[in-house]
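Across the two complexes that follow, chain A remains constant while its partner is chain B and subsequently chain C.
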Partner chain A sequence: MRHLSLVACLAALLAGPATAGTDDALDRHVLPAMETFAEETADLSRTAAAGCGAEALRPAYHAAFDAWMGISHLRFGPLETGGRALAIGFWPDTRGFVARSVNGLLQDADPVVSDPEGFAEVSVAGRGLFALERLLFEGDEVLADDSYACAYIRAVATDLARTGQALQADWSDHAALMRSAGEDGNTVYLSPREAEQALYTALITGLEFTGDQRLGRPLGTFDRPRPTRAEARRSGRSLRNVGLSLEALRGLARSLSDVPIPQTEAAFADALSVAEGLDDPVLADPAGRLKVEILQQRVELVKTAVAAEIGAALGLSTGFNATDGD
Partner chain B sequence: MRRRAFLSAMLASATMPGASWADAGSPAFLAAAREPSGAFALFGLSATGQDLFRIPLPARGHAAAAHPVAPEAVAFARRPGAFALVIDCASGQLRARLDAPAGRHFYGHGAYLDGGEILVTSENGIETGAGVLGLWARSEGYRRIGEIPSGGVGPHEILALPGEVLAVANGGIRTHPERGRDKLNLASMRPNLAYVSLSGGIEEVVELEPDLHHASIRHLAAEGGQVAFAMQWQGDLPDPAPLLGLHRRGAAPVLCSAEMGEQMSMDGYAGSVAMDARHVAITSPRGGRVHVFDRQGRFVRAVLRADVCGIATGACGLVVTDGQGGIAALDPDLAPLARAARAWDNHLVRLGG
Partner chain C sequence: MKTTMTALTLVLTASPLLAGKAEVLTTYADIAQAGYEDSLMKARALNDAVDALLADPSAETLAAARSAWLEARVPYQQTEVYRFGNAIVDDWEGKVNAWPLDEGLIDYVDAAYGGATDENAYADLNVVASSSFTLSGETVDAAQITPALLEETLHEADAVEANVATGYHAIEFLLWGQDLNGTAPGAGERPWSDYAEGQACTNGNCDRRGDYLKAATELLVSDLEWMTAQWAEGGAARDTLMADEDAGIVAMLTGMGSLSYGEQAGERMKLGVMLNDPEEEHDCFSDNTHNSHYYDGLGIRNVYFGEYVRIDGSTVSGESLSSLVAAADPAVDNALRADLNATMIELGQIKAAAEAGFAYDQMLERGNDAGEALILSAVDALVTQTRGIERAVTALGLDQIAFEGSDSLDAPNAVFQ
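This part shows the complex of A and B:
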């Protein structure tokens, strides 16, 4: 071992083709979800261009947000480049940056909203779905098409569509990188295992995000529940986001595994049925607290099942350093 | 001069005559790792990331301190650690075991002074919470010869600077071994960067503004009279909290951040820091990225790599290690040097620097 041969080191660098897990996850999960997000944000942008009436815009906003729930857990590669994830969904917003940015632009009637390139440089907190939520659900019901707020809405929608298109384009390149993991010249994925690791980490951290943040933030503590911390509560979609994110994560889990995953399936079904049984769209009903806690615990059980069934089969766990630093 | 000659003689008697790092294959770096079997080991690595030696460790380690001349490394148990192992990297044999004295435990880092005669370890004064630097005489079989205050609470990395001065990252967080890694003083924590010498004690203490008191100063790098300190945010993120500072003795620290989206993607956590002539870089395993700044503190770029944490300067420029077994040069772009089926631990330790 002391003078490990060069051959041994080279052997570690060479690797076979990507596994079915990566290909399936890309073809059945990642790429279709990116396409949906690009389509829905393009539709949102067209709708905003046609007018700022809330009745047309709110459904387009919801459809784009639904599509975001389909990809928000894919926090690596294109979504992690240039702060894009935050520019789409700035949440959790622990210091009220969205309100500050949106109000700042509105008060100054900042002309940057009429310059798409300039708007792409605006603070990530003043862009994306959460800025749009403020504009569509907190402001006036009826917005004149020549108002500043309408111009701002159009700028956000255009920016989201541009990001959606860029993500889809970048993902076609990134998918090629993942499929060629371990091949010569691929400096991003040094082995097929690294591509699987990226997808598996996205699955586990996605489950943690839904449990700890989407459910955990509004739960707060028993003595101090924090209902105003629920995600997208202004548009009444906090619980909807939990359900959609679980469905997306189930899609990723299914595509990652070559073999049946009965424990994982049962755990997802259980969590989703608890979510469906909740009559508390913004997770704010004190009487429903116990049910939200049960849902959070069911999401935790999904994570346990995924680790036992998918992680163990692939020989993967989450980051060695990321989960245990010092 | 006389003291030097005396120390050299003592050194020679304490180890194989003339033993040097060349006897261990002249590694450029040391790094600990978890192997696929679940076992832990310390590796000596060449400048291009090839294995030069492998020494089994009894448990997951934290950092290692490398002797400047002799092929000896001190492997610290993870905090709150009661012991550290001095390993002869040429033979793989245990040279000494350091047991923290009563009322002290190790915080996971150490540094050598006085040409390698004195090992300094960062420690917790358990009863009062005051940070302590433990002193050990190598020529006396690593006998504990004393201790001095670290200048703060929760000292973590310590770094020997030219002129027998230590830079100490006092993380500010009080812990108690009976409470594991629980943080006992988050509301009142006051981290600092301290400069300490054996002759002069605490020479300078650098504290950040009160709104940054939740930024625990943990890891250090130094180059050309400048010290870089990397931070870990405690509690809810105040969105773009800086995670890197640059300091020169007697001057005010310069805090370094990327633009908001990038900064937030670091997740409030810098795991390691390294500096070369042109750049300083911090790693975030939680954010899966490295942030590179110039020596004036201006953000240069982000480099994405999952679970990246170890970073050090070597012949290939800045080199990073990660939990997937990768070793890569940061310049010009992330260029893989080697890959092995093991998970590299938090730190990549540079030798001879």
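This part shows the complex of A and C:
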């Protein structure tokens, strides 16, 4: 294998500034997904402005959350700036920060909700989709439009829309930066390979996050499953998030590779079909545990296929990522 | 022509480079051994100070114990860079430096702390006040608070990481108590009388609290004794490191990069700013977070520069990772040295402001722009140096080696069978 890797490495060097993968990933995956997120959060904000009825707001919340699954793995550049990823989706929340922040604002009737600039400074645990989930799925079904909770919901929605817009704008700059990798004056990406590596790291890290966190946290251990740790369980989206994140990661994998990736395709198809076969929306059914474990193994196999087929072919390895550490 | 020359130089220097790796690894192991030994000596001094506090509780003996704890953190934080690349350290360090903790497990807390959470049913267990309790369905006899009780039964009880029963931060909580000042000035204000005898005892169970403090401190000493031995000649950590030179160098760089980015820049610094939560500071009871971050950063720099200043002022140094990278690509080395130094300046500015009275938890306050800017510029510097570390990995050709160690490349078809 050593010789093969060396050949792949040399081939990559000889090919010169091979940015096809980066260009494709940006045009076919990153930029459209950012646009969708901006649109859905803008729609959520408009819906909230029209009224706080759960009937209208919950579908808009779900659409925005779906769009978040399309970009949540792109944790570098604009999504890391100013902690935006945390401000959109603060999860996992291992110490109950969301409950504490949301209840704190509600109890104090903190006037910060009527000031968009001030609200942008509020703890990330009191903002974003998980704060909204508490407000829409744990509170009263019917909220008066002049209630504090409604003002809070509107502040969260406005804040999400603002973030969506800023992400889209910043990504058009960041895309240019990635496309000009290796050119004079580009101090972020010193070579085309560094831009590809950033995307590849996002792909591998995203797969690890879905396997270890989205599936692993509620699984816990056989003796001690942890159903209350499932992502977005209050809105019944835990399994849905797994499927959507896998689809998004498949999109990134496809766009990143210049050549067919049959093993990766097969592994994604396999994982997605296991996910579709699960009838356990919040990953809490003890009888379904084995299937969730199988799904977790399938996601691990996707990662293996991606590393062998895309990583090795491009001469890429995973860089350090935001979830290294504890 | 220039390119050819460079290529030629690389080929010609190939074998001396290989010889250099062993020496670089030796320096790395020597620094680890010295760092853990320094930490051990300071932990023993802390143990003596705890004995003095328990023998004669007073404001003075409590203050002396706190000083000993603060000094003990200086060498220990510089060893944290050894965690992520060395499995033997990573598997062990949770006993010594786990954080964050639900301190209500250990002792009394303020009413605002709340009780059990979704994540942790034992967040308010209060072992100091309970000589018997039920844990994961089993009755625990805690009449005697011993190192074994802490280590084997309480630590990570119910498989919850926030149940931190041992290590520096458990001791810190027992010496300082909760910091109830929020994002206002001031650290924890546990009265010395929490360890007083008889009528003078405040908040109850002073003898059990003292037993807990003593047990936790003794454990810290024995844990550090063990780790120091692992890095001595013939120790498991040193032998594992030296067994495969390339893997050893990867371990060095992995430790530097993982601590810089995911752990320090992300989990410990940025998250605190984003949550505006004063408990999201690393040494939250003692308000020592600025030092904790500073010495973490210095530890990363020590590894790259191959130099560590011991607690007695002497220096451990030798052939450095920096020289290895310089031989492969001087530009990458220069940039990374500059990045590491820039980080120390940023972390030094946080330390300077904190020591002048602008405590780290004040920096976290919602809308505190100066504090946020101080912390986030250090975060940016840490992220920048992480990119530099990745470039060093590439310059040394080690990304391919790390690759070849994985199943997927050694046996690409095996996984699909």
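Throughout what follows, the second predicted complex is superposed on the first by the 301 of 326 C-alpha atoms of A that agree within 3 Å, B and C clash if a C-alpha of one lies under 4 Å from a C-alpha of the other, contacts with A are read in each partner's own complex, and residues count from 1 in each chain.
Criterion: a residue touches a chain if its C-beta (ideal position, glycine included) is under 8 Å from a C-beta of that chain, and two chains touch if they have at least 3 such contacts.
These figures come from a predicted structure and were not determined experimentally.
**Student:** For A:V122 in the superposed arrangement: first (chain B), second (chain C), both or neither?
**Tutor:** A:V122 contacts chain C only, not chain B.
**Student:** Once the structures are superposed on A, label A:N321 by its partner contacts, choosing first (chain B), second (chain C), both or neither.
**Tutor:** Both: A:N321 reaches chain B and chain C.
**Student:** Which partner does A:A307 contact after superposing on A: first (chain B), second (chain C), both, neither?
**Tutor:** Once the two structures are laid over each other on A, A:A307 reaches chain C alone.
**Student:** Which of the two partners, first being chain B and second being chain C, lies in contact with A:Q165: first, second, both, or neither?
**Tutor:** neither
**Student:** On chain A, which partner touches more residues: chain B or chain C?
**Tutor:** Partner with more touched residues of chain A: C.
**Student:** Under the contact definition given at the top, report the residues of chain A touching chain B in one complex and chain C in the other.
**Tutor:** Shared contact residues on chain A (touching chain B in one complex, chain C in the other): 1-2, 6, 9, 80, 83, 86-87, 94-95, 97, 123-125, 188, 190, 193-194, 197, 319-322, 325-326.
**Student:** Note which residues of chain A are touching chain C in the complex, please.
**Tutor:** Touch list, chain A to chain C: 1-2, 5-6, 9, 80, 83, 86-87, 94-97, 99-101, 118, 121-125, 188, 190, 193-194, 197, 220-221, 224, 228-229, 263, 266, 301, 304-305, 307-308, 311-312, 315, 317, 319-326.
**Student:** Given the complex with chain A, which residues does chain C contribute to the contact?
**Tutor:** 84, 100, 102, 114, 117-119, 136, 158-159, 161-162, 257-264, 266-267, 270-271, 273-277, 366-367, 383, 386-387, 389-391, 393-394, 399-400, 402-404, 406-410, 412, 415-416
**Student:** Considering only the defined contacts, which chain B positions touch chain A in the complex?
**Tutor:** Answer in residue numbers: 25, 34, 50-54, 62, 78-79, 108, 156, 218, 232, 236-239, 259-262, 264-265, 269, 271, 285-286, 288-289, 304, 306-309, 322-326, 328, 333-336, 338-341, 343-346.
**Student:** With touch defined as at the start, can you tell me which chain A residues reach chain B in the complex?
**Tutor:** 1-4, 6, 9, 12-13, 76-77, 80-87, 94-95, 97, 123-125, 187-188, 190-191, 193-194, 197-198, 201, 319-322, 325-326
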